[in-house]
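Next, two complexes with subunit A in common: one pairs it with subunit B, the other with subunit C.
Moving on to the complex of A and B:
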């Protein structure tokens, strides 16, 4: 499956032949069809390889679409040329790839995925005033260091958790307040502990009682004890924040131990809005809610892309539409700047009102590098599919809460 | 906080079931130590390789993990035999410290080969019985883990019978006790070493087949088990088979109860406290008086 994205011998030969043809052309012809290089940075090897592959797929789809429909209009039809860098799932490698892209003369960089990679890569790019559009990286310091080159199209941690809490109250009120007690389960690293701490202060203010906060390590060998403690407490709600492997283990163990709370409400979870989890363990996944990045399920373009991706036997994870939209956002800025000049692209991004994306966002508006039009959505696994339940303007299903045992 | 007796009972039973698998992994380690007098640092990497083998035959041929015991156990026995006979043995030139380094090098080579071949994704299997439970009074016991418990105890008993009742077993014990004497009475020491290493790998293959219905695999997962297995070997007595079984069950229960009362992040603290205590108070372990 993954091999489809790798260059084959034939595609390299083809690219080689094409570049040889370009070199053979007289200089005045070359100037007309000049291309603009953009850097795509994703971790396609190492622990985050799955996400990196998704991100690259989205970026490639957008580049192909722009080039097939006449290239960059603002630059006389110049084509986009991808310079790909593998961040190898660590910040050091991400920085090295930024240096390589700089040497290669890219006009801007898109991607990064994980917060630590985004933090390091944006800083490296800032030294060259190289515009950088962060695709996912939710850590808020990414856009709070005053870096003029850094833009984040997606919502950050603060926005996501705020929306998650508001929608939890809305969900509970809408169902006649069936949920009162909560157990928090979190992985004991930076991500899980930070989220749990926030929930511990915010949930009681909103009328929920936290029965217990259960931490677990990553990787965890066994979730039986966590499940036993949840069973003995029998809370109305379980709020988990864990990575993929551990959350799948927890959901399976809870199903096995017949623990059926009124709802499982995840925030930025590694598995709860992942089609792979739903496909592999449909019974354990059913009814689970998440507040996370997602595509706009009412956007025809998004649905068309989803069909294309699924036709290749791949998963339409949120990284695909997000990176697709980020490249489109960059192309829009280059078109309006009328130049591949870095300062002009940064200025065009700062004044962007980009709307041609496929995310459930409003008009793009960057304030200190953060897109204020961005928002997460709430999803729920319903009938072996992932549906959007909040906000109403983008929802394609009604929430099922309390979840029927 | 306090829990109802049913919850505590279930935690104890869960611990016993996990402990039996730990014991099986420790068995291979203790056997190799008892005979070759070295700690096999490649043990964790070999377990990871076995888990990937179970995953691969399931994905490629649809072979059930429990049925995979039949082809994989002899395969890993052969693999272990060959590794000792043709890699570790010749490379060590008869020096124990060399063997240590060779097994350490092997573990690095195996782990990175797996990383290159399978990438670092976490993978798991979905079986029909993965979720099934057996109801025992108020207890809900996971069926695959119950099977794992039974099979692990059975393998331990079989191995013990092999060592105490067969000629091969007698040869292994003879080499373990007195290498020079054994070779003087005509025992092929290099062959016995390789058989022992093969048996250790065969134990890992069985453990991998019993783990995969409920567990996941990635190229670094073996390390998580091998540290616990090492503690069990020290607790049970280096080279002792009943020691490995009882030690494994005990460590499993300790880990489970610590996890329940202290939280899973601190669940392993009990294991390492025991490790330190045993080294201080009874360095030979429970059954290690002979050493």
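Moving on to the complex of A and C:
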């Protein structure tokens, strides 16, 4: 028995040859199977799991649709094959998944959601010149640090806040300038703090007076102090930037205590344009405005997708159409590149004029990786639905401002 | 400490150093680098918690200080990353000494000490999140500029060897502590602080020494993290996740042992990766399997993996020849 177990030179050689054959196998199979692998990176476990799920759903729907309608035309009908990676809501896991996708031979990666994950993942992909399309990640350094592989389809922080300020002035002017005083409520993380700082410098220039800036942590379990403070200050406008739970809490507390400013104008808010909030607390949500990512409500394809998602009993959050569009954008680039070669895909993305998306954007045009055609929209909760009020070219409702108490 | 004491350390490190020669897959190397960073963090915790018995729940305070120091010194002040690394480790030592001085002088022990360290880490997190110098909530991004003099490398192996060298150095340091008078006093404080004091041990000095060393080692891990991922924000640097990692690895590997943190980190993260592979495309299943295995492991090996090995060896020896002291 002992002798049989002892490895001889010949048996080692034999084992080595066998393992080499096994290792070589997948490459051979890949060549035969006529499919292009693309990596979908989303945080589907951990704190951001809800958003990651939405993003994954959008990407899957686009992949299915492309495959069902004959695959990639530019590659003789090759199918898209999804390699999914769970970023576990942290940058280290995101990086590790990029390494796995690279080992798996993906042609490009789509997703990331949170800025820290996007920052780490795009950089890991840059080592391999692996094209990376960021879905959300609003932090502007993601596209400003000169990574040639990184593209962001959606608007970043700078674009969103610029549009938000312009539209606030437009809204106020259009209604005869009823709002003069503002209270800023923000969570103390990336969105909230950055935004509050920007508002503090920009709003006074536009004729608004900031009565107070109130910061709160995430998670926060009680908003009554914030609400009471708002009541005593009685501002015309409340500008909140918080995540889902905290904003819902604030809106409900304000409703219970009958605190009714002339308007609640949110920017990149976690709840203000979320169907779940509208469905669960219609009274608290009514009239709330937001400047955020959103789908194009005039696009029939977007409405069809929304119907499909809602038929599954799920919420049509902005991540769904955004990731759907990102995968479509990638497929378009692969088609035009005529190959799954990474350099060619990057080149095709750089010259992209992609229009077949379902977002309220113009023609896609990447400048240093940022899609200059991208813009946020302003939404308002009206009659238990979320309507687009700005820009006029995509709007499906007129703004209600000041909000009738 | 004699040469014989460090032979096992040299053997283990030498063995690990050959990994990049045989394994060229970056998936594996990336995983190993991150595991080594966690091991280094845990080694820092083990000096204070394992040998000194002072359970800190806030080692994020040191990790974050190292990470922020490394990032900010080069981004804001243009200091060379290698020098920033050294300063980062020293900053961790300083923060360690300060937290130690404030809490040990007030006689805080056990759960009170644990809570105070937790509070320090939280305060630092909130400060880093609010200050403009640290980039606030947007964090600090180190510019990608792959050059050895910038502490950024083309291949993942180079980073692996640096992380491994640091882990090796701390293994030797821990072995020295174990064999030294300082270490004996530290263990005495752990076992019975009042008795140690009665025997003439300057307990405050010993504990301060331990927390300072501990802070420096964990801060070095933080510097490595910043240098590897090139991005730091308040939740990464000072978040509770890293405090938990720092505690878990030694507990799983073996508290107050030289190899415990390294064994624990490799076992924990290795298990995490394996369950992730096995779970396939169903997200979250791996975390559940991981949790169950963790409970089983702690249940069957209350002294950690090294304790379990020792127990197995002893029972094997009991059936054989009597053991020499």
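To be clear about the criterion, the second predicted complex is superposed on the first by the 372 of 405 C-alpha atoms of A that agree within 3 Å, B and C clash if a C-alpha of one lies under 4 Å from a C-alpha of the other, contacts with A are read in each partner's own complex, and residues count from 1 in each chain.
The rule is simple: a residue touches a chain if its C-beta (ideal position, glycine included) is under 8 Å from a C-beta of that chain, and two chains touch if they have at least 3 such contacts.
Everything numeric here is computed off the predicted structure, so don't read it as measured data.
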TODO: Using the superposition on subunit A, decide if subunit B and subunit C clash or fit.
DONE: fit
- [ ] Examine A:248 and indicate which partner it touches, taking first as subunit B and second as subunit C; both and neither are also allowed.
- [x] first
- [ ] In the overlay, answer first, second, both or neither for which of subunit B and subunit C A:219 touches.
- [x] first
Open item on the list: Contact-wise, after the overlay, does A:95 reach subunit B, subunit C, both or neither (first, second, both, neither)?
Closed with: second
Open item on the list: Applying the document's definition of touch, where does A:170 land relative to subunit B and subunit C: first, second, both, or neither?
Closed with: neither
- [ ] Give one of first, second, both or neither to describe whether A:280 is in contact with subunit B, with subunit C, with both, or with none.
- [x] first
Open item on the list: By the touch definition at the top of the document, which applies to A:260: first (subunit B), second (subunit C), both, or neither?
Closed with: neither
TODO: Quick one: classify A:365 as touching subunit B (first), subunit C (second), both or neither.
DONE: neither
TODO: Considering only touches as defined above, state whether A:344 meets subunit B (first), subunit C (second), both or neither.
DONE: neither
Open item on the list: For A:229 in the superposed arrangement: first (subunit B), second (subunit C), both or neither?
Closed with: first
- [ ] Quick one: minimum Cα-Cα distance, subunit B versus subunit C, in the superposed arrangement, integer Å.
- [x] 6
Task: Contacts on subunit A seen with subunit B and repeated with subunit C across the two complexes - done: 45, 188, 217
TODO: Sort out for me which residues of subunit C touch subunit A in the complex.
DONE: 25-27, 30-31, 34, 126, 129-130, 136-139, 141, 143-144, 229-231, 233, 235-236, 241, 273, 276, 281, 283-284, 287
Open item on the list: Could you list, by residue number, the parts of subunit A that touch subunit C in their complex?
Closed with: 44-45, 84, 86, 90-92, 95-96, 99-100, 102-103, 115-116, 119-120, 123-124, 126, 139, 141, 145-147, 188-194, 197, 217
- [ ] Spell out the part of subunit B that touches subunit A in their complex, as residue ranges.
- [x] 1, 3-4, 7, 10-11, 14, 18, 119-122, 124, 126, 130-133, 140, 142, 215-216, 218, 221, 224-225, 256, 259-260, 263-265, 267
Task: Touch list for subunit A against partner subunit B, complex - done: 45-47, 49-50, 89, 188, 212, 214-217, 219-222, 224-226, 228-229, 231-232, 244-245, 248-249, 252, 255-258, 280-281, 283-284
